[in-house]
């Protein structure tokens, strides 16, 4: 049986004026994924996806004063994690009246009692200033844990809603927990909050922390540009995050307008030959005396053999480091040509992800977290909070874990990158 | 007669592979304004607006090698103006092959020959590093000029496309120029690029520089919070930009999560009485010993008489300064109660708008400018480049000048502000 | 009787190697104030001042395990206050083994029991991250309190050393407390730590937070420059802190190299007449079309009558606001001449002092605080920690409260400002 | 024959009032190197060094209107290079009236005509905004060039003063050029301006750009700390610049107060054994669950064999990378112990040196450059501009190239580092 939301009658959401009713979202409101219309008509429902709009519901599923809630952060850190934790806690505490909020420490490991990691009690005072700092106060780890043990533990602790903040590995884990709760018919709501520094979660146009990371990556590009420009035949080579998707590389190139060549996983680049990258680089250096090249960490798959690939703790495929590979290839090429280039290699790695959220990400995290709370209380489960066409929506977890979002080589983003760098597209299109 | 775009065959946009064809946008693609769907169906066309999608067209209207282009910036400065100028120039130069790009100086005044302000020739070298700096290298001014004289001058200079970067005053001026060209049937394309630090242009979800301004405003809020917290009964009172709309106030409150009360033009606040703001402030200060209050520069219309209002050079209504008014009212209130509060008043004004664009705004400006070039060359005129549901579109100028976008007191943004400040809504609902 | 310092035998300070002995400072080491030598000879002792060198002593006065220590912050906030508090606490705790450290709240008011303000217990955990934030966690206030009551209270609490962080008002108050302890022969050590955003404490070449404030002031100057440059006849007028001394104005002018005229209290400026400032400004605006003028808040005494002066809570003389005065004078002048200048007025005020300490100030605060602890434990009292010729020293409190340090109009700093602005000196030399 | 300085009679330096005379510095004023006095007496001249005080002289050696000046930047880039270039140019142009200022490009290579690198004409307009950007607009390179060819070329170009901005390699080169001019009795003044990101030039207490680099290094330490704290047994290992001297490592450790262990070239660290670093690290990680370790790039000489050392283009000894070495040693150690630490390795390298100068460095660069101009015009040669005890002085070049300044393991700086990290000193004192 559904209950009246404490937000109905809460001055934050309602007023004596009935107009405030409109602040609640009805369950039958959807946001289409594809919004391009031909001649004033949206493409029909058959070839479109519609997602439930997120937001506070008038009726809720869990009884606030008997409710306990858990929060867990998994995977690599990302700007805004503490903002999300903080807004979850203050929304739960002040608007839904929850007084038992458990922070599980060090990722899913903290929800498996075998690891004997104590939980942390969270309240508004504990989280008051945490958003000033990067990282996650809960700690994080990679890799899954036994969903049965997790569900047993959640039940034992009386947790009704579990917020899982993490990337696609985390969502795969959360989906297993969700399935376990369904199988055993235990009413625990499993809500995902997507986190990825690479901005590569399927369907989701923007993930928190990405803007901040691009801001930091831009600073590194400026440094590399300055180093390259300050010497003769100076080459700044910058490796940026992006295991499967080149979003950080592309956006920071656009933000700086300084890069002369961007190499991403989605667009294979040929190194050798008259139309190859190395020849292009030679021309650039000899005519302009300096150059700036970005390579995403997952780029260059066509330069390696299948057998060189490895897997990390979360099961992600790891390529050999294309930055170091390219560095050596380039140095060798110019040494053979007796051209004395001066290479400055930058691998900022964690530097771009460990800062606090910038203002825009902070705002985004706040909305994301509050919508996650609304979703959990309205009885949704097995969903993650998406952001599509500027609207927050609910996306079934099994949809987002089916693949990774990538840069479309025929789309606007890559077109903008080509326009900004002036790099020849044909080098990048060997297929 | 339409011509083939130089982008067809330009390696930036096309390749030997036909797949690149998809990079061009067809003229019959539209973006709906309202994208909420009920039960999987979009609201019907009758109660929705559809805007032409922006982007490069295969066919263009002006012959690049005979074409001259003008750029003008008007109104107050805004982070990203130089980014927009730069991306206009490099797109025009490298992708469309334009070699005559005129920068008109000091706003519309620079296109009226009576003012004898020389124009500036723009090329990629001139604009190479201008995006590192705030402001506009072209200079700016407020207020309209005689559209007849402007059109005469544009014709005399051989200008085919005029890019007008500015707010709603500028768009009103640009619309007059557009009408003059239509009346005299002169083929000059008038393209608007919306600029407003207040983010208040109708239909447009986001204007450039706004993110950056919010970032700066957040810094001021942090300062005010620190000042208030460091003394007993400390009150930080911060006046932020927002003549008609409280977006800067709302977003910076959310970004900082520090404000305890936000006063915006859209939501009248009662000062006196048991349920009034001053009584609320007294309770806050006596219990928590410090407080942070934001007031938008256009707030408090209900505190003043009609006769106190003035108009500025662009015709905008100017209210008396609600910041200073509130400062005096508060000081007086607590003096009468013999409570020794310590007020720190902040009026950052221009500080938040004169910085360079942050990474996110820089990327946005780049797309905005390039889409403006595509629009101009495809023969569009009398339109401005909008951003709706995360898509760039063409909006007829006469639509955007019909009013101002405001914070919806029943919408998600204001709901988030209330949740973040915890301020009582009833104070704000006197109607 | 003096005791052996816990630092002797503390691995931080001593090692099995006798060479570490040199880390302690002997009591007979002095630093001369004037270090200019003529022909290889220092000016003789008669016309020089020598200050005791600060640093850890081998023998100490107070028994650490019976010792309680108090910390108080007074006056306006300043970047680095929390760094000083933190380093006091960690030096006291880890190196001297003190376990009772009292934070008095809200300035001297917190040491007068009549105000019934509870003290705060400080330890390394409480202060661990406070240096990330501006302001003071202890709170502050202006104005003195009855020294008898303070000494009674300190005695009652068992406090042996009191660290007073503040400006010259604070040092006057601390000196009265010191005299009271001497009069009653109570062994409480009173140690001053000089704080002033204006960098105007006598004898002391640098005070903490000043570098950070100059960094922030530079940002405001850049904003004002951008605003001025972006319009025709644009004038940026910036009021900066500096009640008696123009150091913030001078240093930020040098840091930015953007100001065209700097007006400080030490160098009177004539406004009218052929050689006056207004005529100079007219020439500048007409020829260069923009200008940037800085006025220190204490400048322009020669523009006002004696009767306009007031006093603040700490007894400092307050002049009428020269910024607003100059703003009106300038607007009036150009209106009369029918020259349409565009004035942008900036009053950053607290914005430049409420930020966290930059790296350089953070390092400085750490040394300052640790030297204060060494001084207190070695039994010094009635002294403040000075910084002279790049060395930390002990300065008797009665010396620093005799006046204020000012910019020497014939010295290197003012010469550099003149060279950087190009402003005519004769305007500034009416005497 | 000496001439009257154009500064005499220049309103910047003189006024109708004779008091301004004091702005000039007499040639018989010296600054002692050691300023510690025992019992009020300076140590006698026998055991002290005295350096000529820098500043404008009333009499000058070169005739401004016949004079040409050259500027060259060498070695690695450093924040503030463009500030120094800019202030040299504006001081030469506006105060000494020089109209021929040559910028030699790409280091000493640009003064050897064999390399056929064209010079750049510098004037106030060219340098107006260069200080907003890191790097050097002149370009730089490493390594010496034939002094005979350089002197021939300078003579041929009519250059009277050459400003050489660089580190000790550059000063060695400049000293050879100076000796060549002396040998051939050619009146060209060779003036050094010391530049080193490591702050390791002999006698000089502070070199420009160092403060800025420490600010950037602090950011990296914060990142590393956040990464380490966000996982269980997290270890942040940060390699910072400092080939022979650990100043960057020490100062950034103090600025952040976050490091738990600092390893510098001056203090050998034992890795193994019960008292070794690895055992300490194990205890730290097991008890506190995270740690932050800094290693300077030149540290760990005792870990390597002599044969592993190399030399770079400027003749500096290059050690194997102690960061990577330590990383592997640590990973191996904990793997053997079956403790699952999570190492995050940071090598910010060029990132900390390619940013623009902060406010404090900007001010310092301005004074440094103007004093260099004064020195050159007063006929000094073979000297560099030092900064000692807060005063600018002239130091003979042959003195500064005799060695490198290092952190004194018994001095105040290292004592502060030990106090801040709490690291055991005995690990660091194997001698």
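For reference, chains read A, B, C and D in written order, and residue numbers begin at 1 within each chain.
The working rule: a contact is a pair of C-beta atoms (placed from the backbone, for glycine too) under 8 Å apart; a residue touches a chain by one contact, two chains touch by 3 or more.
It should be emphasised that the depicted structure is a prediction, and the values quoted were computed from it without experimental measurement.
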Chain pair with the higher count of C-beta pairs in contact (A-C, A-D): A-D
Farthest chain (mean CA position) relative to chain A: C
Inter-centroid spacing, chain C versus chain A (mean Cα positions, whole Å): 45
Distance between chain centroids, defined by C-alpha means - chain A, chain B (Å): 28
Euclidean distance of C-alpha centroids - chain A vs chain D, Å: 41
Numbers and ranges of chain C residues touching at least 2 other chains: 133
Chain A - residues contacting chain C, complex: 129, 132-133
Footprint of chain A on chain D - complex, ascending: 77, 106, 109, 117, 133-136, 139-141, 219-220, 222-224, 226-227, 229-232, 344, 346-351, 354-355
Contact set on chain B toward chain A in their complex: 11-13, 15-17, 19-20, 22-23, 28-32, 35-42, 45, 50, 53, 55-56, 86-87, 90-91, 94-95, 131, 205, 211, 214-215, 217-218, 251-252, 254-257, 358-360, 362-363, 366-367, 370, 389-391, 410-412, 415-416, 418-420, 422, 424-426, 429, 431
